[in-house]
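A, B and C are the chain letters, set down in written order, and residue numbers restart from 1 in every chain.
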Amino acid sequence: MTLLEIRNLKVSYNTRRGKVEALSGVSLDVKQGEVLGVVGESGSGKSTLGLAIMRILPRYSQIEQGEIFFDGRDILKLDDEELREMRGKEVSIVFQDPYSSLNPVRKIVDHFIELFTEHGYTYEKEEIEKIASQLLEKMGVPPEKLHDYPHQLSGGQRQRVAIALGLALNPKLLIADEITTALDALVEAQIVELLKEIKKDYKTSIMFITHNMGLVAQLADRIAVMYAGRLVEVGKTSEVIEKPRHPYTRALLLSVPRIGGSKALQPIPGEPPDMRKPPSGCRFHPRCPLATDLCVREIPVLRNIGDRYVACHYA
Amino acid sequence: MRKPKTFGEWCLLAGGILTFIVLLFALIGDLIAPGNTTSSYIMIDGKSVEVPPLLPPLSRLHIDGRTVTFILGTDQLGRDVFSRLLAGARFVLAVAFLSTVVSTVIGVFLGLISGYIGGLFDRTLSLVMDSLYSLPGLIVAIALAAFLGTGLVNMSLAIAVAYIPSYFRMVRGNVLSLKGMPFIEASKIAGASSLSIALRQILPNTFPSIASLLPITFADAIITEAGLSFLGLGIEPPTPDWGFDLNKGRQFFLAGYWWIGIFPGLAIVITVLGFLLLGEGLNEVLNPKRWEA
Amino acid sequence: MGLKEYVISRLILTPLMLFILLTFVFILLRVLPGDPITMLEGKNIPEDVLARRRAELGLDKPLYVQYLNYLYSVFVKLDLGYTALERIPVSYLIMTRLPATIELAISSTIIAGAIGIVIGLLSARYQYGKVPYFARIYSSIVYSIPVFYIGLMLQAYFARPLGLPTTGRLSPVNMVLADNLPVKTGFVFIDALFSGRPDILFDYLLHLSLPSLTLGIYLSGVFSRVTYLSVEDAMSQDYTQAARGRGIREWTIVKNYGLRNALIPILTMAGLQVAALLGGAVLTETTFNWDGIGLLVYEGILKRDYAIVQGAVTIYAVLVAIVSLLVDVLYAFVDPRVRY
């Protein structure tokens, strides 16, 4: 029932000014048919997680250690050709910027044709067009747009096309990396509804990466909270939101604006850490109201409390 | 100085070395060369001695116990190829320098005011510049040189006109994007005059792009000059010049006297390459495009 | 606006551009300091002869009259004057010599394009290896070598050993034969092909090989540089990463995303390269005695014939304007954003 197993994943980037550890030992599961929300600020490593699973990390980075099992296979041991087959067909990813994930000089339908052809399907062009047309309709894009160029579509439409492309080959897992961040609130809500439907109709597992707690609350079955390259809390959405156990999760929830709410926003004090020289011990300690010497000295391990996982000495 | 890390830095180093060597030879080469660039006689101890033509490289002449070496041989008129190369270097570099200066000054100035003022003036001038830009540089230079006449200054002017549009476009482009920036707005609000803004705020910000264009224009000017003199425009015969010598050397090449034409050509290649690499390196250092994460 | 509107708008702009170019030519040739007649005819010719020459060329009239005359002759009469010595119409000379230059231009562009695209594609496919470095070094070196030096080297070390012809368009025998072919367009390639004379065609291709190789190599410097820069830039865009995420093969990405998007800046450069081509053609034709307009310019300079040089430069302006138009139209096919 577990589709994706990540064990102790460490990923680092080589920058001009030194090595940066983006993920410092992340262990996570995604079950079949569930939506896992991965929440965190910029620099928390959440996007890196998505890229690592797809094995499309940039050239100047490396997976230092860890294991990733997808559908029972160790995908860190796959060769280039097997990985290529996997991408788009078993696991798909949709990126943040709707303006740059489609080929500007190709029509929408050509993207679908390319996708099917590259994965070895021998359908006729008309068949692919039909499939794509139905898919677009389901995504809420008028099928006539198939014969348009990307620049003729709105941002929201382009994002839906990207999602359609991601689902076209019926993958088991869809990674959505901040796919609504660049869209306005109304479109954002529509996309979230769309994802709910996808989960219902296609039973696809979704890893929904975002910094927006509000969205996650609506969509995800489980939440994984990340900070500075580490997991700090994992658990069922409703439980985590009602009773957050990690100080960071608590702070995140308090800083989400609520329409009609009267409570003042409480921003988290301090700034996200410089990942070239992250804080020792618990990386949240400079900003944590409960921090003690222990927090500076010892890295808190992600431990089990009921069916919640928390990485805090004082949870 | 540390070892170059990036490709750009290697280019800078290589280019710097090459141009340094060229400049060095141009300046002090006379000390080691026989020196009969325009005549077929050399002076040894006050006596004028005739030099045989078409001597191969490394030929030596023994006169009165003194040995004169013609490192690169002599041409069809008995002139020392090496000395002509060095003198040619001075001429060519002078032409390239002068034309670069002229085209830069005019191009930058026009680009600055055109971009800043905008409006019909800008549109007209841009159209004119674009048209000039589309004409082949060599053709423009030929047309001008044919009617300006010979000589260093005329040649430089003829070549300069061909490069004005490049600077114009670049500076104008820079100015247009800088014009809309907040710090310009701030200066205006603070009451700075247009002239002051243009000169003190905008102009300095165009320096990096101008600087990266300079070596390339310089290198290009050398090539254009070589082309002009190859065709016989712009210089008067005894003046040593690489392009001209190369053309003369052509006829003798197939007869077996290869050194007359080969060496001027090599000189051109080395010099131009030097400046080009310098330009490439400078470009990467001043305008880093790709950076890792 | 659709394709049609775009093409029409370009068609209207072209005469405007041509007009400006010709004005330029006029300014270049007439307005600058220096008396062209003295320049060309030498300093020892009696004044009245010079005066007569000037009158012939209309140089004694006020400038604006000259300008209007010039425009009128070029646009309306299509007359570019007469050569100084033989009194042949310059336009005739140009028309007979133009095909040779066009042949050279096309073949060199093909060679330059082939080299450039190969280098560009390889640099894109192996963009993290050593290939891009070699590409840059190649283009820098080629750019530094004057085109006539390339020609000279090829003549000496390539043609000679292989026995290839080094000058002219055809061997003398074939030149006479070619003049009397049933099909006579001026383009030897077409004439020989459609007259059923493969022997002349072959001889022609042999003669064409060296000059076009020379000019082609020369152009490939800039061509390869712009190609790999544009392809590299296209490959660094997000859409290639997105494509990779969909499991598209690397070579397909290079082709469909890299090269296809790079075509836009490459086309811009190609249009500009025509200018370099024409300039380089002058030098190449001179080196190889290739009978085109470039050689005509050289002869004009040698003979101090003002009308020839002016005529040639005018034709260059026209060619540049036409090519600009073509490039702009091609743009519409390559970049859909222009059309819609």
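By definition in this document, a contact is a pair of C-beta atoms (placed from the backbone, for glycine too) under 8 Å apart; a residue touches a chain by one contact, two chains touch by 3 or more.
Bear in mind the structure is a predicted one, so any value in this text is a computation, not a measurement.
Peer 1: Applying the contact rule given earlier, which two chains have the most C-beta pairs between them?
Peer 2: So the pair of chains linked by the most contacts is B-C.
Peer 1: Greatest Cα-centroid separation from chain B: which chain?
Peer 2: A
Peer 1: Rounded to a whole Å, what is the gap between the Cα centroids of chain B and chain C?
Peer 2: 23
Peer 1: Counting in whole Å, what is the centre-to-centre distance of chain A and chain B, each centre being its mean C-alpha position?
Peer 2: For chain A versus chain B, the centre distance works out to 55 Å.
Peer 1: Could you state the distance in Å from the CA-based centre of chain A to that of chain C?
Peer 2: 53
Peer 1: Would you mind listing the residues of chain C that make contact with two or more other chains?
Peer 2: Correct list: empty.
Peer 1: Give me the residues of chain B that touch two or more other chains.
Peer 2: Residue numbers touching two or more other chains: none in chain B.
Peer 1: Tell me, which parts of chain C touch chain A in their complex?
Peer 2: Chain C residues touching chain A: 128, 237-239, 241-249, 252, 256-257, 260-261, 263, 334-337, 340.
Peer 1: Would you mind writing out the residues of chain B in touch with chain C in their complex?
Peer 2: For this pair, the touching residues of chain B are 7, 127-128, 131-140, 142-144, 146-149, 161, 219, 223, 226-227, 230-233, 243, 246-247, 250, 253-254, 258, 261, 265, 268-270, 272-273, 276-277, 280, 290.
Peer 1: Show which residues of chain A lie in contact with chain C when the two form their complex.
Peer 2: Spelled out, the residues of chain A in touch with chain C are 54, 56, 59, 84-89, 92-93, 95, 97, 100-106, 114-115, 118-119, 149, 151-152, 162, 165-166.
Peer 1: Across the complex, what residues on chain C touch chain B?
Peer 2: 17, 20-21, 24-25, 28-29, 32-34, 36, 39-40, 133, 136, 140-141, 143-149, 152-153, 155-156, 160, 236, 272, 275-280, 282-283, 286-287, 297-298, 301-302, 306, 309, 313, 316-317, 320-321, 324
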